[in-house]
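Consider the two complexes below, in which chain A is the common component and chain B and chain C are the respective partners.
Let's look at the complex of A and B:
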């Protein structure tokens, strides 16, 4: 005999799974997910392999400049995002600013995180024109969206006693923030900013294809000109960049956390 | 950690290094941020060209709501397909459930390769292979889900307590019985939470891929953008904002119930 509560749980799960499955079948029909299309596409695989491989090694040198540009874009956006995240985080912390300001800043940060970066890039391109600067602004914005919220949360969780005792010694508002708050949140901010750098490098490749230049533009242009093996070379370059960024970011974060103990 | 607060000179050195790096990157990118900010006409242009959003586009364009449905369908189908493959990938990639160590290494490598490949490149290749339409975008989203959540699932599986599986082994349970009755039940909450999270991510990605030619709401955005209807672009951006936020709320609600 199955106990009543367990049976109810089982029925609930079955209903949930059935709902999910029927939704999937409806969505799959809308998206033309048919084995026919899959077979046709997979039939082209050998042809694709010949077009895309081997990478056009002769263009390896041409990829260095766009790669550096993408790296510079992501680095500048990460630094800028980290620097601005602290003041934004202050404005998002209940123990620093009035409730209405905190709410406003939190809503804006939430809206920023909800919008895809590529969509934000379109607006920056309208304002600033095509080029890496628009891409940097878009990425700096999304870095602030993430880091600002995290800093705000960290400040709200910061040790009040430190701030109180600083105030008791007659420290001014900014001195309390500088000597009481900053040392408490800086390690986590630095670690999160390093993680964000990893994300930014990946994103800057994508944004490049829409107008921020760099290696992403190189990939998109090669594909557009049907030079598929050149595109493979550019993708290979972006892979190296992304792996390197991931490794450096991970190592530095680990070292930061070890020192923090 | 020796933070510069203990030493003012070190703090200024850090700040100076930061400023030097930032300046160097900006110089390399050939931008003069101060000039851009102080000329101010750029911001003025933005406000003139983009504000206010032309909300009329929401009922004037008949295909718009259909494109929203299409984006939701792409995200949902991509999530489900991706998760269906991410679970076996996770099982093969976790040290305590994998059939063989070399399979684990191979799976982990392939997953990290997928994560490093830019989604727009995958989409472009698939668009050529499968033709224009939501099919290529759905597969791109499924692959992205596989790369991200295959890794996440493997990590969740590796984090479970080993004692229950050992207890079952002592009773003579086979490896697959241990996985079914000791490892998976422990990891289940993490897997379900991750699955709900995957849909949030994929909805955002589906809108972004639309801008690269995958159809749906993103395609509407791109069309408005390319025909210089910037007021419409802002209205459509607001639609995406509402859509993403609403889905986030729903998945938060479901997560809390589970």
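Let's look at the complex of A and C:
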């Protein structure tokens, strides 16, 4: 018996393609996908390009402040998230806290991660009003959701022998945490926080558009006032910011992990 | 100095891993604990420093004020006070690898410093100088600033001993301090431990009867959680066979 059959291959591939096509068409029908609208939209493309281009270079200087505000928002959220992720991570680690507490914290962290940042921002806007502060809270909160879980995992993988040898010197619980555990998890926490910073810069642009201020608000406002060239300038500014954040974050992370080994 | 009295411990499943272990240690002794793997040697050491729960039995130890206190029943502050007086020499792999050698040595005195201080700045310059002296005793002074993870196994073992010396304990406990070392390094480590025992007793587990014969003042043999030998380090073939549970002819 040859464990291969050309006919079965053909049938298998046909079924796969058919499955994909039927799922896509069903979903597209629910989205009111229509080739007609697409054709009309594409026809307007040259017109739009003329509206948006070129960027209104004269407004470049005006973009600096909202860009810095967005950067500050992302930085504050990442730093706060990093700080708070450590205690939260402790409470999510099986080798530190009782099982019921670990489970509770892990469920809360999971629920937090399942909630989109935009929804979280809406809650904070209701509580704290519009502005960068609400945006910072929303991003810090979601940073804790991710970093807390990663720190918890890192703590569970930490070398228990090191902790025990410090316990044997008569060190207190918190001293063991500070001298035995923190050095083991800090490099990975910092690396993850840098990654999260990269994510937060992107998110803060989006959140800005729906109420957190900064460059996102600038883009939304320009579009609303039909100043499309100005919006293009703002988009260009945020592209530069996001690219710079990604580069810096990646470089620092690589150095950190190389050094940490 | 140290009294180990009828320690028993049963693990889930019903096996008795400690079955009435008793011995005592006095001033100036270097006690070598021999036994097969799983006989209960390491567990006995862990019980002495209060790192494992026991079913029954007591560990009594001369405390800071000179009175005998019971480690087994101590909790919280009292337990930490007892642990401060015992320098446990784990295998070097228990060091914090991302920190420097000198920081690892100074951690030996964590139990003595105020928790607030340990979060603010840690140790003082005076303590650092003392730690350097401890490193000098184990010939590791030149490597004091190195990251611990970059050391060899023998070097880490020396740092672990320096940490215990820096702690200034009244008793040293060493868990297979030479298990992962080549013969030359093993000999060097024993040459460090032996002089320590003249001031404060050393209790250490070993796998090499020929080395305990040369360096220890006394040998305690443990087999299946029971003390089956307690006496001179000059063991006869039949005594060794008794500890390891093998035929006399096979004993070294």
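What we mean here is this: the second predicted complex is superposed on the first by the 240 of 261 C-alpha atoms of A that agree within 3 Å, B and C clash if a C-alpha of one lies under 4 Å from a C-alpha of the other, contacts with A are read in each partner's own complex, and residues count from 1 in each chain.
As a working rule, a contact is a pair of C-beta atoms (placed from the backbone, for glycine too) under 8 Å apart; a residue touches a chain by one contact, two chains touch by 3 or more.
Note that the coordinates shown come from a computational prediction; the quantities given were computed from them, not determined experimentally.
J.: Quick one: classify A:238 as touching chain B (first), chain C (second), both or neither.
T.: The first partner, chain B, only.
J.: On the A-aligned overlay, A:10 touches which partner chain: chain B = first, chain C = second, or both, or neither?
T.: neither
J.: May I ask you to name which of chain B and chain C touches more residues of chain A?
T.: Looking at chain B versus chain C, the one contacting more residues of chain A is B.
J.: In the superposed arrangement, does A:64 touch chain B (first), chain C (second), both or neither?
T.: neither
J.: Counting only touches as set out at the top, which of chain B and chain C does A:175 meet: first, second, both, neither?
T.: In the superposed model, A:175 contacts chain C only, not chain B.
J.: Does chain B (first) or chain C (second) touch A:116, or do both, or does neither?
T.: A:116: touches chain B, not chain C.
J.: Quick one: is A:164 in contact with chain B, with chain C, with both, or with neither? Answer first, second, both or neither.
T.: Touch status of A:164: second partner only.
J.: Residues of chain A that sit at the chain B interface in one complex and at the chain C interface in the other, please.
T.: Chain A residues touching both partners: 178-179, 183, 187, 260.
J.: What residues of chain C sit close enough to touch chain A in their complex?
T.: Interface residues on chain C, with respect to chain A: 49, 51, 80-88, 90, 93-96, 98-99, 107-112, 115, 118-119, 160, 163, 167.
J.: For chain A, which residues count as touching chain C in their complex?
T.: The contact residues of chain A facing chain C are 159, 161-162, 164-172, 174-176, 178-180, 183-184, 187, 260.
J.: Touching residues of chain B toward chain A in the complex: what are they?
T.: These residues of chain B touch chain A: 1-3, 5, 18, 21-22, 25-26, 28-31, 33, 36, 42-43, 45-46, 49-50, 69-70, 72-74, 76-77, 80-81, 113, 116-121, 124-126, 128-131, 133-135, 137-138, 204-205, 207-208, 211-212, 221, 225, 230, 233-234, 237, 240-241, 244-245, 248.
J.: Can you list the chain A residues touching chain B in their complex?
T.: These residues of chain A touch chain B: 20, 23-24, 26-28, 30-33, 37-38, 40-42, 44-45, 48, 52, 68-69, 72-73, 75-76, 79-80, 83, 110-111, 114-119, 122-123, 126-128, 131-133, 136, 178-179, 182-183, 186-187, 202, 205-206, 209-210, 216, 219-220, 223, 231, 235, 238-239, 242-243, 246, 256, 259-260.
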